[in-house]
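What follows is a group of structures, each given as structure tokens.
Here chain A shows up in two complexes: once beside chain B, once beside chain C.
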Partner chain A sequence: MLIFATSDKGGTGRSVTSSNVLYRSALQGSDVCYLDFDFGSPTAGSIFNINHALRGTTRGGLHSYLDGAHGEPQRIDVWAESDRPSLRDRPPGAGRLVLLPGDSGGGEFPTTRENIERCARLFLRLEEEFDVTLVDLSAGRSYATEIVLAATARAELRSVRWRWLVFHRWTRQHVLAASGLVHGQRGIVETGIRHGHDRTRLTESLRFVRTAVVDPDSPELEGLQPAQLAWLRACNQDLLELASRERVGRTLVLGSVPLDPVLQWREQLISDNDVWARRIANRETVEAFDSLAKRIVDDTAWETL
Partner chain B sequence: MLTLGEVHTGLLQNSTSLSLEHTTQLLDLLVGERVRRSERPIAYVVSPDQLTGVDCLLPTGTGSRTRAVGTVVSHATVTGGHVLQGSTYTLVGRAEVNRRLPWSHYLSRPGRLETIGKVDARDVVRGYLATGSPSQVLNLGAICARLIDAVQESTRLDRRPPFRSRRTRLRWAVLPSDDPAAEAQGTFRVESETLRTLELTVGHDDVAAVVALCEDLALHDWLLTTLLTLMEASLTAPGTRAQKVERLRPAIDCLLHLWMPAARLDESVLPVWRALERRPGFTRQWESSVNRIRDQVTLSTIALLEASLS
Partner chain C sequence: MRIQPRQQLLEIWAATVRASWRDDRWHWGGRDGSNSISDAEQLLCLLLPATRVPTFKIDNPNESASEMIRVLRPLGNATQIPRVLIRVLTEYFTKYTDESGTPVFSGGSYFEVHHTGASPTGDQKRLDIVDSFAMSVTLSLATVGFLKVFRKTVTRSETHQEIDRLEQLASLRLSAAMVGLLRSFSVYPFDADSPEGQALIRTVNQGQLPERQVVAQLRSALEQTMASFREITIGSAQVLELDPTDRLFECGWSWGVVKDAPPIETGEPVGEQPKGLAQDAPYLYFTVIALDAIEDLFSERTRILGLLNEEQQRLARALQLRWELTRTYWAKVATFGDGPRWPLEDIPWRTTDQESSDYFTLLVTSLAVKGLVNDRGSDAELSRVGAVLSELANRARITRRTYEHDPALDLHSPGVRIQLVGSDQLGGPQLSWVVSDFSALLLQRAAVIARLLSDARHRDDVLDLADRAWDHLLLRRLAEGPGRSLWDQPDRVFDQVDFHYTEPSWYHTERVVHGLVNSADILARPPLRSERLAAMARDLLSEAEHLYDMELLSGTAEANPRLRESMYNVRVSLRRGREIIQDKPGVSMALALDVLLTLDEFEAARRDVTEAG
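The block that comes next holds the complex of A and B.
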């Protein structure tokens, strides 16, 4: 299955959340791969602690593959090549975790028929061997988004399953922007239809993920003044109403990830060790990732009412 | 004559075994050319040969630059309705003149590459079988991969494979033996999780027999690799015995009956298979794995019977 991760704006935690979800998915036993389609700033290598590809690779990444410079993009086996000791060695029962990095100094490029064909071919090859292929797109409207929409509309990908995740923070601006990215002008739905997608299938295969969410009922907020808490609740209520009006409402949310200090300070994978032994990350965060990893492939979570 | 080739093997992206009839249509890649097929001892279909023109440098161990021009031959095969192979090879020889000739010259010699300038066969074999291949250099693997892609893209396939698996690559090279009566010999190496190399020395000039040998070896190597991967994933994952056995089901459904080493091979290349059966012993490992799977199934059945009796 192909999962496309996008976000309305930068800084939503799209890459770090989707990498963590994919990591959890691998730990649950699936063979997974992560495609860094954020051609403007390919930094997925740093989340997986791959020192030779921190800002993209120089050995033929996705960008130059799509451009036709070589027949196969570079693959990095995270369990074998990560420079972080706790990611080294595949845990028993875990699936493969492979990163396809972008090229350092890549930059965007226009959508041509050749690029789309190469993209479709790559997706089919990865579908042969991976249970989940997660494509991390850049924020907002981009050529990368257009290429993958055009590629998935091709006849040879018709029976391939794909889903879209739109990441946004839980604020007024982000809710409006996320709705605009999906439903607005030159948004995902409009661009998809232009490339031959069916509106119903596309909208039904699209869900939102809220990031860095502060729960007003969380015990951690007990230190706040009653007036502050009341204000927070009112804001949250406003947002819920806004989200529902903007078609970003509860029924279309696949999951939310709580605000976690570790993710605020450094984009990284949160290992069980960080939660249980070092106690630097919150258990709730990992549980949210675990649940998302199950829900992205769980058909019942994607049924529409 | 120096021969270079590569075979890629993978699982056909279909939920069930594809019938002989459907496979024949699937591999009908060239209009007007016949798809070859046979039913015994196992369903086997071969696409017509395709030619790809190349003008590139030859890989060398020493890094010396030799340009070669000509064509490479490739075809796709499907075995047992499940296993898809892309196979590419070419014969390399010295051209009579030291310049590139019109394409008609090369097209009249299908499957031959002519080097412009002299060539050291051993050096080319060393470079070719070394794992990394720089760009601008003959890349038979890319041609195999594209051929497999072309078949897998077909809308005749439902793209719901019973399990996920990786393609494996067998890169092979033949050095001609000085003694034409010499027995064929081969050195097989597992270079990485997906790359294998085979260096052959053959006395005779029967390229078709050598290609068939390499395809057969690649097929069985893929079967063994895939079975071992499925077994590892099933047996190391948490869960009850019944769940573990359930995860082995695709192996039982589509792989176990495909093992038929050297079924269609020419007598002249059999010594290579025989040596590989002695060491590392492909069939030995396969049989022990199959027995292990059957034992798991038996134990699971016993457990179910006991549970239903108590």
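The block that comes next holds the complex of A and C.
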């Protein structure tokens, strides 16, 4: 299954959240791979602590592959090549976890037919090999988004299942922007239809993920003044209504990830070690990742009303 | 108010789901078995709050509050809950529609037989009853309204079909229930010297006037009502002879479709309209039930959401006419005369068929309040009704302790028995209907009156009564089993009652929920505004403002930042105080007092300089 991760604005935690979800998915036993399609700033290597690909690779990444420079993009086995001891060595029962980095100094490029064909071929190959292929797109409307929309609309990918995740923070601006990215002008739906997608299938395969969410009723907020808490609750209610109006409401939300200091400051994978032994990350965060990892492939979670 | 509707309703929701939803399906029936009324009551325990209390709405999964979803979690997540509800509701509506597509309003296991060891025959159990018409009106309206909102968030055509189907079923049942209500309405005329006439005169004649005078006065008080009977052109109670000067009457609802009631011509496919059997005379209990349900037909919600189709609006208008007539009739009778007390205050109420019970007084208070609302009843009048409720609570041992062999407890267990005259015409014994919802009904009515009162002291009295009724009801919840935290277990408050139930009674629980929903209505409005407080707040504010202006003139506002900040806060407080003086004079006063203290600190400090100098 192909999962496309995108977001309305930068700084939503799209890459770090989707990497973590994929990591949990691997721990749950699926063979997974991560494609860094954020050609402007390919930094997925740093999340997985791959030292030689912190800002993209120099040994033939996705960018140059799509451009036709070589026939096969580089693959990095995270369990073998990560510098982080807790990521080294695949835990028993875990599936493969492979990263396809972008090229360092990449940059965007226009959509051509050849690019699209190469992209489609790559997806088909990966689909045979992996249970989940997660494609991390850049923020906002990008060529990368257009390429993958065009590729998935092609006849040879008809039997391949794909889904879209739109990451956004739980704020007014982000809610509006996320709605715009999907439903607005030159948004995902409009672009998709232009490339031959069916509107219903596209919208039904699209869900939102709320990141850095602060639950106004969480006990962790006890440091705040009562007036601040009362205000926060009212804000939250207001946002719920806005989201509902903007078609970003709860029925279309696949999951939400709480605000966590580790994600905020270090943008790293959260290992069980971080939660249980070192206690720097919250248990709820990992639970949110775990549940998202299950839900992205769980058909009942994608049922629409 | 000690009642906290939100918390209590949440608890009831959780308990209802626990009792009803097991192994992924809805389990119908409780202590009194499953029938068209009990099952509707069971569903209303969830749907009443969901459709009447704004924070409990679950019809838009995008906006429903997380607390509600948490409580209903066993049914599924936010998106699944409405779909599960649709499934269960569809099950209800299909279950109570017969093969020919006619909705069924039978009393089933709620029918009882007095004393004789006989039990109701199958045909008797299938008799339609007004309780079921009334519950169906409320449930169908709640369902249609729920679907109207939910439909907007739905995209899948499958779900749309489910909604369409349910909406059709609910709308059909609504029409059929309205037709049923139109055919169960009764006007019962009698002569002044008949036993009924004598009983009525005895009840209303609190001033000990000569009989002829009472009849004349009563007739003149009811003149308009009598004139309006001519407007009844469909359903039962047409063409009545009320003109003779010694003729009196009663109006309201019988227990079922009345004998010889003509069928209603309607374009709605309501199916077969059964022949009536019920005695053509009003019953207080069914009158109250019917009036409550009919009110739902022209509530604000029904109008705003446009829940009725054109034909249903026609039927609703016909019902509204009967509703008007009935409530004016009862309000007039209950508060008749210039005597030292109202007939209503002469507890217990005696019906024209010579029965008397505190329960009847409670029912008449409901009717009287409905009339008073219409005539813009004054606080004094409403609080008199409140006082009656308070005495009823004493007499029913809700707010007083019991003594041994206390007959008052019969009100709660087994309850008041109403004979359904005419129910034996199909063979079998005469049926009866046992009602034991005294405490819950008292809570409901106290909450309604409290909402209408605008005098703080009177309102506090009635609220206190509601609170005490609630304390009593809380104790009567089941303590264990799947129905725990639901009603009703009277032996937990009354030692001499020895019925012990293991299953919940949806009949009771629904009435408690109704009471809580009414209490929530009180909180939907701003607090009562006291003129005295407002006057005081105005005076305090103007003193504070003047002192503030003096400070400004002396140049304090240009001083060091700390002092400036303090002056700025004073200004903000004064402005807010002015803004809210209309709605919350108490808060406004507190703000003014705070400002006065702050300003006085400066003044006192400066004084020290002059004194020392």
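As a convention for this text, the second predicted complex is superposed on the first by the 305 of 305 C-alpha atoms of A that agree within 3 Å, B and C clash if a C-alpha of one lies under 4 Å from a C-alpha of the other, contacts with A are read in each partner's own complex, and residues count from 1 in each chain.
The rule is simple: a residue touches a chain if its C-beta (ideal position, glycine included) is under 8 Å from a C-beta of that chain, and two chains touch if they have at least 3 such contacts.
These figures come from a predicted structure and were not determined experimentally.
Chemist: Classify the contacts of A:Val160 with the two partner chains as first (chain B alone), second (chain C alone), both, or neither.
Modeler: After superposition on chain A, A:Val160 lies in contact with chain B alone.
Chemist: Using the touch definition from the top, say if A:Pro219 reaches chain B (first), chain C (second), both or neither.
Modeler: Neither partner.
Chemist: According to the stated criteria, A:Thr304 is in contact with first (chain B), second (chain C), both, or neither; which is it?
Modeler: Touch partner of A:Thr304: chain C, not chain B.
Chemist: On the A-aligned overlay, A:Pro110 touches which partner chain: chain B = first, chain C = second, or both, or neither?
Modeler: neither
Chemist: Comparing chain B against chain C, which has contacts with more of the residues in chain A?
Modeler: Looking at chain A, the partner in contact with more of its residues is B.
Chemist: Identify the overlap between the chain B-contacting and the chain C-contacting residues of chain A.
Modeler: none
Chemist: What residues of chain B sit close enough to touch chain A in their complex?
Modeler: 10-11, 13, 135, 139, 141-142, 145-146, 149, 152-155, 158-161, 164-167, 233, 236-238
Chemist: Per the contact definition, I'd like the list of chain C residues that touch chain A in the complex.
Modeler: Of all residues in chain C, those touching chain A are 60-66, 78-79, 82-83, 153-156, 159.
Chemist: Which residues of chain A touch chain C in the complex?
Modeler: For chain A paired with chain C, touching residues are 200, 203-204, 217, 237, 240-241, 243-244, 249-251, 303-305.
Chemist: What does chain A use to touch chain B in their complex?
Modeler: 29, 31, 69-72, 92-93, 95, 121, 124-125, 127-131, 155-156, 158-160
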